[in-house]
Amino acid sequence: MSIDTTTSVSLGVRDVHLAFGANRVLRGVDLTVARGATACVIGPSGSGKSTLLRTINRLIEPDRGDVLLDGRSVLADDPDALRQRVGMVFQQFNLFPHMSVLRNVTLALRRIKKLPEDEAVAIARAQLELVGLVGKADARPGHLSGGQQQRVAIARALALQPQVMLFDEATSALDPELVKGVLGVMADLASGGMTMVVVTHEMGFARQVADTVAFMDRGVVLEAGEPAAIFETPEHPRLRRFLSQVL
Amino acid sequence: MSIDTTTSVSLGVRDVHLAFGANRVLRGVDLTVARGATACVIGPSGSGKSTLLRTINRLIEPDRGDVLLDGRSVLADDPDALRQRVGMVFQQFNLFPHMSVLRNVTLALRRIKKLPEDEAVAIARAQLELVGLVGKADARPGHLSGGQQQRVAIARALALQPQVMLFDEATSALDPELVKGVLGVMADLASGGMTMVVVTHEMGFARQVADTVAFMDRGVVLEAGEPAAIFETPEHPRLRRFLSQVL
Amino acid sequence: MDPLRTLWETFFDWESMREALPEMLTVGLPNTLILAVSAALLGSVLGMLLAIAGISRTRWLRWPARVYTDVFRGLPAAATILLIGVGLAPLGMQVWGPNPYPLGILALSLIAAAYIGEIFRSGIQSVEAAQLEGARALGFSWGEAMRVVIIPQGVRRVLPAWVNQLIALIKDSSLVYFLGLVASQRELFRIGQDYAATTGNESALLLAGLFYLALTVPLTHVVNAIDRRLRHGRPAAGPADDIDDTDLALPGAAGGNQR
Amino acid sequence: MDPLRTLWETFFDWESMREALPEMLTVGLPNTLILAVSAALLGSVLGMLLAIAGISRTRWLRWPARVYTDVFRGLPAAATILLIGVGLAPLGMQVWGPNPYPLGILALSLIAAAYIGEIFRSGIQSVEAAQLEGARALGFSWGEAMRVVIIPQGVRRVLPAWVNQLIALIKDSSLVYFLGLVASQRELFRIGQDYAATTGNESALLLAGLFYLALTVPLTHVVNAIDRRLRHGRPAAGPADDIDDTDLALPGAAGGNQR
Amino acid sequence: GDGSSSGAADNPYHLLQPGVLRAGTLTDAPPNVYLKDGEFTGFDNDLLRAVAGKIGLKVEFVGTDFSALLSQVNNRKFDVGSSSITITEARKKTVDFGNGYDFGYFGLDVPAGSPIRSFDELPGKRVVVVQGTVQDDYATSKGLDPVRVPDYNGAINQLKAGTADAWIAPAEIGDKSAADSGGKIVVAAKLLSPAPTAYAVAKGNDALREALNKGLDEVIADGTWSRLQAQYYPGRPIPEDFKPGSGTVAVPAAPSASASAAS
């Protein structure tokens, strides 16, 4: 499943604002991810990380600000086309409970990529193999363990070979072995040229996979930089306090 | 919210078997947790950890085997009474989406403990304070971030002051600061005499909170012991392989 | 004969409507309300019991509920009403005399219960099993968990379908006529029909329809408002017009980029 | 003179039933089926369109759907059928002659659509917003996401309530009578009622009811079986009797420790 | 037992309530039976009141659907059925009938300009009748395959909409509808109905049936019958061979309009 590097794109988030009613969740977020690079977003619960990911693929339209792919604003384009280029793994997985695992993965391949059934199944099986779940291809999501569901969600998004991947706590339900496995997949994707934004609260994971780490607090990116810089020489006192809590 | 130590109990799981159809998920699980002690269960995804917790409070009746509280089998008793003594935090939280956060927490206090409204609210607010969510008391779970939902689930279970607590990945959606916070809460609970079983895939967390660590694989506990023993001198090759993957 | 004129005169003759209006107001409306409201209450309670029996784990509850539902939905309402009205008439005579209302209400309720039971059942069964686990893990018994957690969620999901049934009930109340009514017991439809028979045009029937609308439209909108309120957990603040019923719109996506 | 005997003879007189049976089989049953099946198809399609319009983000779709639903649920079915039957009769005469069926089916469908629309709407609205997000994040348009992910889940949740409406439709098909039927166009209920009117014995009406049961009971159980199958994702293996409809039972808890 | 708790002495006619004759009727079939200003009236019902008065009973009317009327009479939910019920063999199996008290003419209503002039021209035409009426019986027995509608309005609608060629109506209704139609409907012909109409009582309730027959003869003899005929069917001739009641009493001539108003 390697990605065609000629299609890899950079991602820019520019001064994005968003409020749910009176709750100003994003208050001017800036983030830049180079082509084929991986950015990890860390930060306290409720700081707006999931919301940020949603504005990037325009599941939520920002109140203000812009999102750029290769320098081009995505706000003018068709959101459906955008989302075919930008894959997403949700924190709560959002699997389709009325379909088998296999069908969850093939659905968009068949309906959007318009692949014939057998081709879609082949791709899906390959993806499920990668996350160790071919054996559960015919099960319903409701009969899977938490980690299994999360892996299906990952397989579903990757099967579409997007240019940009948004992972929301992509390893929260995974044991260390699987985290290592997902890490391997991500390394492959990155070397294949995929641009990624990964929300995580596992600092070890962030340190391993990130080209850039961004620390969010209360709707703004307080500090961003290389993992080494962020984890070893954090500047912002809030970030220092945050990191001091890591076990 | 300290627990009356006179009521703390020990927990024993004896040769528990369970199958979903042909899928033999638990194949003879044994686990012992002393009064007021904390056991951490680690293991690969799909190994049966969540299912084990469900058999302990009899959300699932085991096909074979027994669960003992203070040496007394729970299988003969009324499951509802049992569950009032054994609290649980679910991997997927299972909050009630049609009620506010506050009502999620007060519900059982009012309906089962039969506390008057104001008393229930006072207890609930204290618990929400503890997890940093008083501000969200009137929000619906659907409007919360992942970490916020998980904290509500923790508060909901703790508000009932159970003798035994079962945490399923209780910190999966929490950032390091909150993990630290929950750790503090747990330390309090443990010193208050609460017996706890915590499923986790964060080894650092397990090392910090556990009196005993049990490693599950494919429906059996392969190895159990003190954290130091498990993490530093693991004996079973499967466990060694598992731990070798920790970042 | 100009067909539009004919249509207009047949259905919209103000004179006939004005003539029927007082009796509809003073006799028909109260009677329709008495029949429909009592049957709605009793039918909803029975329906809930049927729904619970229908999802029970004991087949001795599930099967009778199934059979009841099949029979009472399957028979023509007129036949059911006649069967109950005539069959229990001797008993009724002794208890409340020749008034057909009690037996009529009973029959209407029994029929409505079969339908409402299926509606509630579908709502309750659509609630995720995790919700029951969540409640039972807190120590609720199966019954309490159903009552406090599952049923409120399940019923809310099917409120519009339940309103369907209440509306059907308002109109089915006219079937009590099969049991024989004195003049002061007639409900809206019957009065409309009788006027239509004496005047030779259908305007009075349409007037009865307007009365129905005056009952059903507010009912629908009140329930929808309650539904919305339960859905969002608070009275909708400000102009709710453009957000109501739009839960499935992506939040924030309602701006210039709708699709 | 024994009242019970009289009652029995009024409703269960085999002689009368046997007499009415041939006509019910050869005339009533086909007609009921033609009316109910056509109206069910058309009504369900229209109902789905109404449901989608009802949850649309554009008020120019939502409002007309709301008004349509309110009006067609609110008016007495007899009035609606008469309005459409009489109002469009001149048009109908030119297109298909005096046969009242096409207009009757149209009227029945329009009424059923209002009810079915609300049922589908409640099902669709009960699907979690996260599902729509999940689908749209994969690149599905709103329409495709609805069609492929939301509507299948939503409709499945309200299948029993939808069956309610189909059953109501089978019985409402008797209302086409208001448009005038020649003997060979009469459906089950009408034939039963004619026998009741000419003989004063209600057994034929009850026989019509038995025919209804023969239609509605299999319908219910087929849909329930489909529902169960969709719910579990595969044909239920082995004796499904004790696990069907019991999703809300805690798995594994169905053993000796039920409560 | 006949469902009545009182003894035969104070309830000789086995009524639901002693002294009260509970009559099942229709509310929507003028001029025979209908409601006016909240009162049950029409020829049949007014006559029944007079008959009941003669045997010391007070009438309480209840309206119902015709298809549910006779069965409820037979099951004693109603003591008597009054709805210009034609005596037929089929109905005699369910209920007992008193003596005939009325006859009927059929009117043939057609749209203005229709070529139909007589009942003989009906075969092959779309003929509309109200379901379950004598007209229905007539049309069916003549093999006309009539279009059945539930009420008179349904028939008028059919004529106006052009979906039927003719309507066989009770003559009085046919006249009234034609008059009300503003020239759109005309009466083409009239015909005498074959069978008389009578009140229905539960099978075996001979005491009531005989009492009603006796009362009927009395109201015929005292001129009430003739007065009501004139009131409800003004100008309608009474056929030579029709004898109301037992046929043993003389029918006085209809009083003048002023005389009937005075009584």
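In this document, chain identifiers A, B, C, D and E correspond to the written order of the chains, with residue numbering beginning at 1 in each.
Operating definition for what follows: a contact is a pair of C-beta atoms (placed from the backbone, for glycine too) under 8 Å apart; a residue touches a chain by one contact, two chains touch by 3 or more.
This is a predicted model, so every value here is computed, not measured.
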Interface with the most contact pairs, given as the two chains involved: C-D
Angle, in degrees to the nearest 5, of the Cα rotation that carries subunit A onto subunit B: 180
Chain centre separation in whole Å, for subunit D relative to subunit B (CA means): 48
CA centroid of subunit B to CA centroid of subunit C, Å: 46
Computed distance of Cα centres, subunit B from subunit A, in Å: 29
Distance between chain centroids, defined by C-alpha means - subunit A, subunit E (Å): 83
Per-residue multi-chain contacts in subunit B, two or more chains: 20, 59, 79-80, 92
Residue list for subunit C, restricted to those that touch at least two other chains: 3, 6, 10, 78, 82, 86, 90, 129, 133, 136, 141, 202, 250-251, 259
In subunit E, residues with contacts to at least two other chains: 3, 67-68, 71, 75-76, 157, 160-161
Subunit D-touching residues of subunit C, taken from the complex the two chains share: 3, 6-7, 10-11, 54-55, 57-59, 62, 69-71, 73-79, 82-83, 86-87, 90, 115, 118-119, 121-127, 129, 132-133, 136, 141-142, 146, 150, 157-161, 163-165, 167-168, 171, 174, 189, 192, 202, 205-206, 208-209, 212-213, 215-217, 220, 241-242, 245-251, 254, 258-259
Touch list for subunit B against partner subunit C, complex: 54, 57, 59, 79-81, 83-84, 87-88, 90, 92, 94-98, 100, 107-108, 111-112, 138-140, 156-157, 160
Residues on subunit C engaged by subunit E in the complex (per definition of touch): 1, 3, 6, 10, 23, 27, 78, 82, 85-86, 89-90, 93-94, 98, 100, 177-184, 186, 190, 193-194, 196-198, 200-202
Residue ranges of subunit E in contact with subunit D within the complex: 1-3, 66-71, 73-76, 88, 90-91, 93-95, 126, 128, 131-132, 137, 140, 145-150, 154-155, 157-158, 160-164, 200, 202-204
Subunit D - residues contacting subunit A, complex: 130-131, 133-141, 144, 148-149, 152-153, 156, 230, 232-234
